[in-house]
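Okay, handing you the structure first.
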Amino acid sequence: MSAATAVRWSEGGSQVISEASGMFGLTWLLIALPLFGAIVLLVGGRRTNSFGPVLATLLVGFSFVLGLVLFFQMLGQPGEERAFNQSLFEWAPIGDFSVDVGFQLDPLSMAFVLLVTFVGGLVHIYSLGYMADDPDKRRFFAYLNLFVASMLLLVLASSYVLVYVGWEGVGLVSYLLIGFWNAKPAYATAAKKAFVMNRVGDIGMSLAIMLMVTTFGTTAFSGVFAGAPEASSGALLALGLLLLLAATGKSAQLPLQAWLGDAMAGPTPVSALIHAATMVTAGVYLIVRSNPIYNLSDGAQLAVVLVGVLTLLFGAFVGTAKDDIKKALAASTMSQIGYMILAAGLGPAGYAFAIVHLLTHGFFKAGLFLGAGSVMHGMDDEVDMRRYGALRKAMPITFITFGAGYLAIIGIPPFSGFFSKDKIIEAALADNIWVGIAAILGAGITAFYMSRVMFLTFFGQKRWADETHPHESPRSMTVPMILLAIGSVVLGAVLVIGGRFVSWLEPVVGPEEEHDFAIPVLAITAIIVAVSLVGVALAYVMYLRRPVLVEAPTGSVLTRAARQDFFQDAFNESLFMRPGQYLTRFLVFFDNRVIDGFVNGSAAAIGGGSARLRRWQTGFVRSYALSMLAGAVLVVGVLVLVRL
Amino acid sequence: MIELLSAAPPTSTGEALAFWVLAPVAVVAAVMILVSRKAVHSALWMATTMIVLAVLFIMQGGIFLGVVQVVVYTGAVMMLFLFVLMLVGVDASDSFVETLRAQRVAAILLALGVGGMLIAAISRATFPDAPGVGAANDAAGGHVEAIAEAIFTRYVFTFEAVSVVLITAAVGAMALTHRERLTPRKLQAELSVERMRSEHPTPYPSPGVYAQHNAVDTPALLPDGTASDASVPDELRRQGTVRHTELEGIGESDADEGDQR
Amino acid sequence: MNDFPVLTTLGVLPFIGALIVAALPRGRELLAKQIALIVSLAMLVLTVAIAFAFEPDAAEPFQFVEKTPWIEQFGISYAVGVDGIALALIAMAVSLAPVVILSGWNDADDNERHRPQTYFALILALLGCIVYVFVATDLFLFYIAFEVMLFPVYFLIGMFGRGQRTYAAVKFLLYSLLGGLLLLAALIGLYVVSAQQLGTGTFDWTLLAGMPIDPDTQKILFAGFFFAFAVKAPMVPLHTWLPDAATSATPATSTLLVGVLDKVATFAMLRLVIPIFPDASEWAAPFVVTLAVISIIYGALVAIGQTDMYRLIAYTSVSHFGFIILGIFAFTEIGGSGSVVYMVAHGLSTAALFIVAGYLVKRRGSSLMPSFGGVQRVAPVLAGFFLFAGLSSLAMPGFASFVGELTVLIGSYQRWPVAAAIAVIGIVLSSLYVLIMYQRVATGPATENVKGMRDVFPRELVAFAPIIALTIAVGVFPRPIFDVINPAIERTYSFLNVDPVEPDVPASDAIEREVTD
Amino acid sequence: MNPENYLYLATILFVIGAVGVLVRRNAIVVFMCIELMLNASNLAFVSFARLNGNIDGQVVAFFVMVVAAAEVVIGLAIIVTIFRTRRSASVDDPNLLKL
């Protein structure tokens, strides 16, 4: 490849991808550091118990520092020259086809690198305290390191195959960490469920890769995007839908959303890092990264928007009914990612805001989860919010940091969520009024259920048993929470005001589209904030003014349905699992009885036939003589008939 | 008669007459072999058939063969049969109850099938004019000379092979009937000691001597009138050919049963 | 290249080893095992040397060729040589040999009627046969090795197996002999055809490959060859011998049987079937591809329903062999090369699964999954190995089988999009059977069944470590394998008349356009 | 009279012999029936010699006789041996051909 290749992707951004040199030649090290940590901890075994966790944390820290250095280096380059390609080796060269193990560092992946290493590093630090007493702490940190490496591989990959590698890697770590405490059979099942549903999504990824090779002869971003304008619309639509299928699996979007709630079985830091801040947003990354494909296919974009809207409402409704604090947050994650997917489906108007919301969400949701973990830590691992209450005095730091995250997620200005969500809703309104209304409605519900979480946990009467002694968490846990809270407060403003992030991403996704509204933009913002405040007020009336029962009331039909995640599990079970089990059982029966039965049957037939034939051998000489005579009759008969 | 002869030139009237007399005899004798219950009777009917066949050979110019037939078959082979019959019990008569299912019917049907097809084949075949072996005899300077020439020239290898077969058969027969002595031969001293130690030191009673029967297979009568089995040789008892006297009113049925084992 | 008969040495070495081992008297069991291990390591060294001397881009099809007339009346010669495909598979087989011997170190010690000497002699003899199958360039020599190979396996199952071993051994033998019979008939037919076409009959591959054969005759001969290999591969519905054999055999035997020996069938499809019967291969390809896809889905579904680990692994192999055959009959270079890599990877992953399952079964005395539970609590390293083996089987990226599976799918999608799209479902099913097995065996609270179960001990660790290393190495850097097999695959498919697969919008052109713009 | 009649006679004797072999159980009688069959074929040979006007048929008949004699010797020896051990000359009783 020449030193610099200009690539202009259709309707998208244009950037000059040059060979990584200087500091950028160290891109591979970003991945290698945590990967090295994972290998050392896994292979080293018990010998690394003492220093392993700290080593793992340090390595992620180094990665973050390196990322930061690269970021500032990148800032020093002109906007269009911020993309670098590093090719390590040819992975699978077959004829004209080849997959390079190579990385592409551009503004989009840079944003992810910083998010992943920063939040990842904080979660590592937090886990030093949270997992301090776990006998398998070393394994936990090994998995965390492996996760960071896989996630970085996912976002740094320069081809879809390598994305797939990282994609599967994070899925595997997710499986390992959800099932980290798999001594509980339910947790092991949850882990399996997550992995299998992700694999269903991976069908989309696999097929997309196959289709790409057939259509373009390559899976490298540069090749695929360069060829996309000339590909048939059918191929583009198929690619878009397949990639969307992959994204729904990884990002817990409809229809593959069912695993995320159960995934809360994992340790809370895992929920914060993997199932809130980073891995589940990989779907958004994939769609934004594939923007040259989506830009060319309206059908695919429509599907993306639909998935986003449905999921954001679905997650929001489910969130209102959950009493388990982590499951409520998980539903919220699902809903927030719905916003991002929605934004990504809006095309150039939304890509940048999808990523902005992804980043701010990464901070405030990680903060919320870590706060929840801190609460559980102090409450002897109780997760039922109905047994919390009035914890703000016992856990002041947790309360404040959680509160910052809370204000951010419900979109109160000037907290970060306000900026990111507001922009998405605006873009949605510009695209389609109904989509916009749904998004506003979602914001209101978000405010309601998050306020519910907040009030049930930190306000009202104490509803916990007397032998519980809630206490603030150790420093190693509070410091990450504080850092994340700061991010929750300021990040949105930093990124959005002045269009900083939009112009940062412009080389990748193209310029933002201006949209016109009938009413002033400020009015829209006011409506959104007002709707959110209505949600807060409603929660105030329902959960603060009235006493909260420790045992959940039966609730309306809708509440019960939402508690059951709108029967998603029953749906999956009756539509896929049961028939699958019956099919499997039938096939096992078929294999044993019909196919093998045929085999054994023919063996038995031959055996039986021989036994019957054997009876002819009576042992009586005269019988044999008789058969000889019969033979003679035959021979003579044939001779007579033939010769005469 | 004259016309008949001219119509069928190869055979003379005498030959025809002889054939029509002898052929039925042969067939009847053959059937009798089949239906005689006693093997001895079968053997005698067999001899009859063979002699008839010898005559038929001679009638057809096989003088040498006819003589050989009489000497070898009727003389030697049949005597061998009779010897063996003596060994296995000359008196036993066979049961004609067929034990194998459908054997008899199948045998007769199949045999008729073979026969029918052979007869059909013969009847449809075209034969030469039956010149007789006279010309061949004359070429060699005589009948025996002709046969000798054939055997010792054209068929010499066959002849040698057959001689090997014969010798092998002789050796084989000896090997088969020879019994290896497993224990050292008992001398008179040992025999007498053994006898004294047995339950029965005295000689066994001799067979019965009666007006009707006077043979080793007839048991003697004990003073109370019962038959003494000890007076009959073991071998006969094992064969079941012990003949009970009519005095006992048992008759000969015993013998039949014995053979039906 | 000097004239040292290196392939003959490689092939004869294990037989000599087998004779020595078998001749050792009672009481020298340890020596027998050591000799077997040393012989296998010597083979490994020799193979590595061959691999380094091998020139991937050489013009002639085979290297290290040896050829001596054997039965000249029938045009039979002792002819051996390797191409890239054979080399890759020999390397895989020979790498697994020491692993298998080490992991099966004590397999035969408890046997009352047969000595460990016999066990290891049979394993070595089997290795010799396997080498000959891969190196034979004379079809008659191939056939002999192909058939003789059955007998060590038959005795390994029948003498050293467990459960219904006689049934399993006989079933295996009868199935294989049935296939072998048809192969023999087709081989004789091929000889007759070669006599008509070339003047003198021959079994020499170099003369037979690409020989013009009447299409109808080709189809009949193809059927004979293919049936034999479909039994061995095994393809649905000719697969039922495999679960029984795998359940009854020792893990070492199963590894060699499923991981290495069955590859002979897929190898022969590439080496014999396609070059000798190209027209018939094209004619039958839709049928074969359909069967392959059925194998993939069916094998995986039945695997999900199993309760016996060995049976489950056997059915996963049915599924994986479906992928391999799908790749071969895609008739694209990506699919063909991918299927060879998949063969190597499947050898490694099956070995991993069987060996770890063997460790588990040895401790517990049962291969039924319900007799385990919570192994991870008491033996974390063992459980980790088990998970590793499972991930290797479900084609996790970074593991060898991922390279094979992805390239096979890509390659087959280029020619058979629908089949490939259905086959993709296999990746979900594979995750199901692997994770269900792992869940039942290793997760959950430690049950009474596994209390006091010992974790991996050093010999087991040493036996398993090379598999881990190889699996990861091939998964991360498979390029050397591709370099070796690509020319051979290209040569194999050059006998066919299929249209080459071209991308609709070649990206390289598009990039060039952009640059010039 | 037609010389073919000898052949008919030979056929009849042969068939009778065959039936005898099949229906009689006494080994000695079976043997005699075999001899009868051989003799029947001898008759056919002699007749063929006459019909064809050469001596060869008679020579073959002669050989048949010799072989038959050999066969009788061996056969009877076997019968005697069997009789010694089994006390029977029935061909059914020792169904020796069965395991």
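By letter and in written order, the chains are A, B, C and D; residue numbering begins at 1 in each of them.
We adopt the following convention: a contact is a pair of C-beta atoms (placed from the backbone, for glycine too) under 8 Å apart; a residue touches a chain by one contact, two chains touch by 3 or more.
The shown structure was predicted, so the numbers you read here are calculated from the model rather than taken from an experiment.
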### Query
Among the other chains, which touch subunit B and subunit D together?
A
### Per-chain CA centroid nearest to the all-protein CA mean
C
### Task
Measure off the straight-line distance from the CA centroid of subunit C to the CA centroid of subunit D, and report it in whole Å.
65
### Message
As a quick test, compute the distance in whole Å between the mean CA positions of subunit A and subunit D.
### Response
96
### Whole-Å separation of chain centres (CA-atom averages), subunit A against subunit B
103
### Message
Centroid of subunit B to centroid of subunit C, CA atoms only: how many Å?
### Response
72
### Message
Counting only residues that touch at least two other chains, what does the list for subunit D look like?
### Response
18, 22-23, 25, 92
#### Entry: subunit B residues counted as touching two or more neighbouring chains
100, 103, 106-107, 110-111, 114, 118
#### Entry: subunit A, residues touching no fewer than two other chains
618, 620, 622, 626, 629
## Note on the structure
Listed by label, touching pairs are A-B, A-C, A-D, B-D
#### Entry: In the complex, subunit B residues that touch subunit D
8, 10-11, 15-16, 19-20, 23, 26-27, 30-31, 33-34, 36, 39, 42-43, 46, 49-50, 53, 56-57, 60-62, 64-65, 68-69, 72-73, 76-77, 80-81, 84-85, 87-88, 94-95, 98-100, 103-104, 106-108, 110-112, 114-115, 118-119, 122-123, 127-128, 130-133, 135-137, 140, 146-147, 150-151, 154-155, 158-159, 162, 165-166, 168-170, 172-173, 176-177, 179, 238-239, 261
### Query
Which of the residues in subunit D end up touching subunit A in this complex?
18, 21-23, 25, 91-92, 95-99
### Query
Which part of subunit A faces subunit C closely enough to touch in the complex?
2, 5-8, 42, 45, 89-95, 97, 136, 139, 161, 164-169, 172, 175, 179, 182-185, 188-189, 191-192, 195-196, 199-200, 202-203, 206-207, 209-211, 213-218, 220, 222-224, 226-227, 230-232, 235, 580, 583-585, 587-588, 591, 595-596, 599, 603
### Query
Can you list the subunit A residues touching subunit B in their complex?
618, 620, 622-623, 626, 629-630, 632-633, 636-637, 639-640, 644
## Note on the structure
Contacts from subunit A onto subunit D in the complex sit at residues 617-622, 624-626, 629
